[in-house]
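The following pair of complexes shares a single chain, chain A, combined with chain B in the former and chain C in the latter.
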Partner chain A sequence: MFDPYYLQQLAIGLSQGVIYALMAIGFTLIFGVLNVVNFAHGEVYTVGAFAGLLLITAFAPPFLVVLFVVLAVGAALGFGLERIAFKPFRRFSDEASLKSRAMRESTLMSSLAVSIVAREGLEIAFGSQMQTLPFEYLINKPIAIGPVTIVTGDVIIFVVAALMLGGLQYLLTKTRVGLSIRAVSANPLGAKYVGIDTDRTIVTTFAIGSMMGAGAGILVGLYYGAIFPAMGFVPGIKAFVAMVMGGLSSIPGAVICALLLGLSEGLATTFISSNWADMVAYGFLIVTLIFFPQGLFGAGRERV
Partner chain B sequence: MSLLEIENVTRRFGGLVAVDDVTTRVEAGELVGLIGPNGAGKTTLFNLISGFTALTSGAVRFKGAAIDGSKPHVIAARGMSRTFQNLRVFPNMSVFDNVSVGSVGAMGQSAFAAVFGRRGRSDAISARTWEALERVGLAEQSEELAANLSYGKRKYLEIARALAMRPDLLILDEPAAGLNDSETAELARFIRTLNDDGLAVMLVEHDMNLVMGICSRVVVLASGRKIADAEPAVVRADPAVLEAYLGVDE
Partner chain C sequence: MTVTRRTLVGIALVAPLSFVGTAFAADPIKIGYQLPLTGNTAQYGQDFKTAAEIALDRFNASGKLPVKVEIVYEDSRSDAKEGVAIARKFVDDEKIVGVLGDFTSGVSMAAAQVYKEAGMPQLSQTASHPDYAKISEWQFRNITTQAGEGPYNADWMVSKGLKKVAVIAEQTDWGQSVTKYFSDELTAKGGTVVMTEYFNRGTPDFRSLLAKIERAKPDAIYTGFFYEDGANFLKQMKQLGYAVPVFSTSAAHNQKLIELAGPDAEGLSLTTNFLPNSPKPEVKSFVEAWVKARGAEPGQFPAQAFDAVNIMLDAIVKTYPKTTRASVRDALAATKDFPGVTGVTTFGPDREPVKQLSKVRVVGGVFSPVAE
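Right, the complex of A and B next:
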């Protein structure tokens, strides 16, 4: 029979994967619509965590209030980010420039710049060390399930991720804004000439994607009890890897690959050593790029 | 007051005058053709009308209100709808969803309705969508992915998406491109039925025959200038038009 130790590692890997998935959803949503990588997504995650921290230290509200305020902050961040780092480069609104290389390259740089400014700004304001969090807010109370012990955070993160993913599917397929997002990602010019406000659709997409990023930030911060200015960097990279593996614009693909990444990192930690965990992620990326250049779930699907 | 009034419209790109002082109009319920050889400025004029390119000088009025400087989606929502020469359908969405985008676009998106308005339940949206699908004969294939339709059917899908906006003016950009003779004839009949129901149509075409066959008036552009604006029979006999199309031996 299985050693419970392995099941335990599997559970840890799975919860890690769910965290990557939360990040990857926002990343992929924005890529699907604009065809650009948003390098500031990791900092949205960090700023979301810090917003929650400030709220907790100032008012100590209930957990759900913290979560909803952080989601609102995330939406605002997405709005601001799009206006600062993306919209100025979208000077012409035809499809060629909306999805052109120049647009892609300049927003790669501008979103990277925003991410550096945000990270360094937080370091100046708070210092680079981990912030102390009130113990009662941490979501790491153990729950024993047979031989395996998980913590409350595993359950909360899983439930929130499932709700976000389900909510997003509902939004994309059943609502008008979702229809607009899908139309803009399929053909912005076609959408524009039948009355869809592409600018507003794009900024809405950023708000939704960043909401998820910020939500992931505060959840992970409370899960590990660690909130610090550089916390968004590694999850940002992992979410990027998951997005590429999933086929760049497939949200379900990115989620599956994020879970796969988390699980295999957990297994690598168990069987090799924790130092090798990151190697697994990058190894997967290289193998995917060589053998499945379209991504594992890439070809012939609807974007977003 | 004409439905669409184009007054002394000029557009320069650097030293190139793509559209040079063009004045014309489209009346409500009219079927007008816009033709000209390659590079005549048809596409630029089209882009000026639909808000895609800014005017250098002149004015464009739609239903009596100036629309130059308005964004394309605003102009579209006011009742001017278009299709594209190289189709711009949404390939991996269903036929129904493709046309729904037109319905949603036309009904405006108040912030609340845009986020919380449910598409499936909204009777007004699905009524518009079904009406447009039935009009072009695609109702049976509403659940099919647009990518799986034949090229000809995708043209009708794009027209349905435009019709779902219930426009007052429909602009068709080279609709016959890529169709064979019998398909073109069928399309011509279809455009006529749309026009018979009172919809004003502007047909931008490279090829003269379709335009001459169904339009009541034809505007001819050459090198950015309007060289003719009359009934098909008059245009066909116009020496300036013949020269622009065929060249003249000196």
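Right, the complex of A and C next:
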């Protein structure tokens, strides 16, 4: 007899996976063009959630308005982040500097610094406790489908993630902006030589990626009803694992791996203790690095 | 008569120490307070700081001592390494005669090793791990441990006919003591623990765990969580449409839990030793001062911090002008029938507070005392 319990656990795992995927998309996109990890992505997510919170408490607009304003805030954050943490390290345009790993990887530190400043700043401004949200904004009304219960937020987040992924694929493959993003991602120097404005492309990528991060932040914040300064850390780690597993620069790969991660965490709670469920993600990371250094979907395909 | 150079040096080194606290009568007496002011648990530390400021302002205004008392706050971020570094710093400051804090049992116990070596009285408002007060004669606390709360809750649940219980707690020293003392008493009273599980503090999603609990079919759930995890847990339980009684410890007694979980917090039962709506004058005046500073009612933890500060100040008054670390320790150990806002407190010979627990349940959005 098929146990509805497992069906419920699968549904929970899938909804977790979609949340990780939402975060992983923006993360991977930015990695794709710059080849460095943007450590501030988790804080973009948090700031997005706080921007939504402020908007809700100040004006109480409809849900869709909140979402679009947060997306705009996210784009602005991406623009600012790129200015502060990444652009200063590209000020030399000679070939040696452009090829220098040290110059590129310094941004690991600068983005980490920005993320720490942002998080501590939020803590000073709001305190580290969870913020109280008006209950009517929460997207957690239960929906029963036979023996399985999901909530409205699962549907909303799934739809948003699917739209993002689809829109992004369209953007990358069918538009000139996408073409230049892929060109910079494949070979930044080459792209520069054929006349692509690499700086603008990078800024655009940051704006798009951060838009997605901020959108994910407010959606997950409303989904759990939990907005607090450290909220970006765990999803950031999970998205990072999904990105590495997916082959660092493959967006569909990262999404598939994020879903896998969510599902296996959900099931892990059944078979081992739930405080070990986090180990699943790190276990996957180690296994991937040892046996599939290129990632599960990384080898032999075009970047981004 | 041979006075060697070594003994002279020895005397020269020891002599100033014997004057500490008495020699500088005009200088303020200092208390160290180690607590998390930033990081993930900063909200608790900030609460303690507000409580300590209320207590200290009143004390210095009362003129019980001719000198001022100061509190030196150090931010431990709830990190054991930081806690130890702060402990060394406090020990090195000769003017500090006693230490309050830390917040968690883990950090308090790490720092306690330093205080034990140096001989510094340490009074934590919240460290409830059973082993904390056993570390040395210098450790005190102003919170009843799970050794008291766990059995009290188990008896309460058994008396209500809730015998099959699922026990969950956060994966910390404290969480483990929650499950241990509760489960021991429950089994002794003829109940069964159908499942025990730990979760990581700050887990955003409890639904997998809840589905697992539902499958174990308990009569009730006993939980060791703080208010944020508690609010998430209760909200998600409601989402999944799962309804069994939930019991918890005083750690969840916080107005923020009701604020965050809203109607989903209804029916949560827990034990506490602080009732903010109590008619006692000391409670009323503390709650008033707190509401003025913070705008909302205080939970149990700030109340415990307020009492801890007052107990420490009381010990300093008793020893003045011979206030040293050793005399403060002895005065703390002799604390008897201290009228605090968390009840009348007496330290037993094991340096554990003896307090009265009360039962409360969330009814209509407030923690309401129940007689069961």
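Just so we're on the same page, the second predicted complex is superposed on the first by the 295 of 304 C-alpha atoms of A that agree within 3 Å, B and C clash if a C-alpha of one lies under 4 Å from a C-alpha of the other, contacts with A are read in each partner's own complex, and residues count from 1 in each chain.
We take it that contacts are C-beta pairs under 8 Å (C-beta built on N, C-alpha and C of every residue); 3 or more make two chains touch, one makes a residue touch a chain.
On a predicted model such as this, the values are computed, not experimentally measured, just so you know.
Engineer: Overlay done on chain A, so just call it for chain B and chain C: clash or fit.
Structural biologist: Partners fit side by side after overlay.
Engineer: Please indicate which partner A:149 is in contact with in the superposed arrangement: first for chain B, second for chain C, both, or neither.
Structural biologist: Second partner only, chain C.
Engineer: Based on the superposed arrangement, let me know which partner A:189 touches: chain B (first), chain C (second), both, or neither?
Structural biologist: Only chain B is touched by A:189; chain C is not.
Engineer: If you stack the two complexes on chain A, which partner ends up touching A:127: first (chain B), second (chain C), both, or neither?
Structural biologist: After superposing on A, A:127 lies in contact with chain C but is clear of chain B.
Engineer: Measure off the angle at the C-alpha centre of chain A toward the C-alpha centres of chain B and chain C in the combined model, and quote it in steps of 10°.
Structural biologist: 140
Engineer: Touch test for A:269: chain B only (first), chain C only (second), both, or neither?
Structural biologist: second
Engineer: Now for A:180: first (chain B), second (chain C), both, or neither, which partner does it touch?
Structural biologist: Only chain B; A:180 stays clear of chain C.
Engineer: Just how close are chain B and chain C at their nearest CA atoms in the overlay, in Å?
Structural biologist: For chain B and chain C in the superposition, the minimum C-alpha gap reads 36 Å.
Engineer: If you look only at chain B, which of its residues touch chain A in the complex?
Structural biologist: That would be residues 50, 52, 71-73, 76-77, 81-82, 84, 88-93, 97, 100-102, 104-106, 108-109, 113-120, 122, 125, 158, 161-162, 164-165 of chain B.
Engineer: Report the residues of chain C in contact with chain A in the complex, numbered from low to high.
Structural biologist: Interface residues on the chain C side: 38-43, 46, 171, 197-200, 202-205, 207-209, 211-212, 215, 228, 231-232, 235-236, 238-241, 256, 259-260, 262-263.
Engineer: With touch defined as at the start, can you tell me which chain A residues reach chain C in the complex?
Structural biologist: 5, 8-9, 12-13, 16, 120, 123, 127-130, 132, 135, 140, 142, 144, 149, 151, 220, 224-226, 228, 230-231, 234, 265-266, 269-270, 273-275, 277-278
Engineer: Which positions of chain A touch chain B when the two form their complex?
Structural biologist: Counting only chain A, the residues touching chain B are 93-94, 174-180, 182-183, 186-187, 189-198, 200, 204, 300-303.
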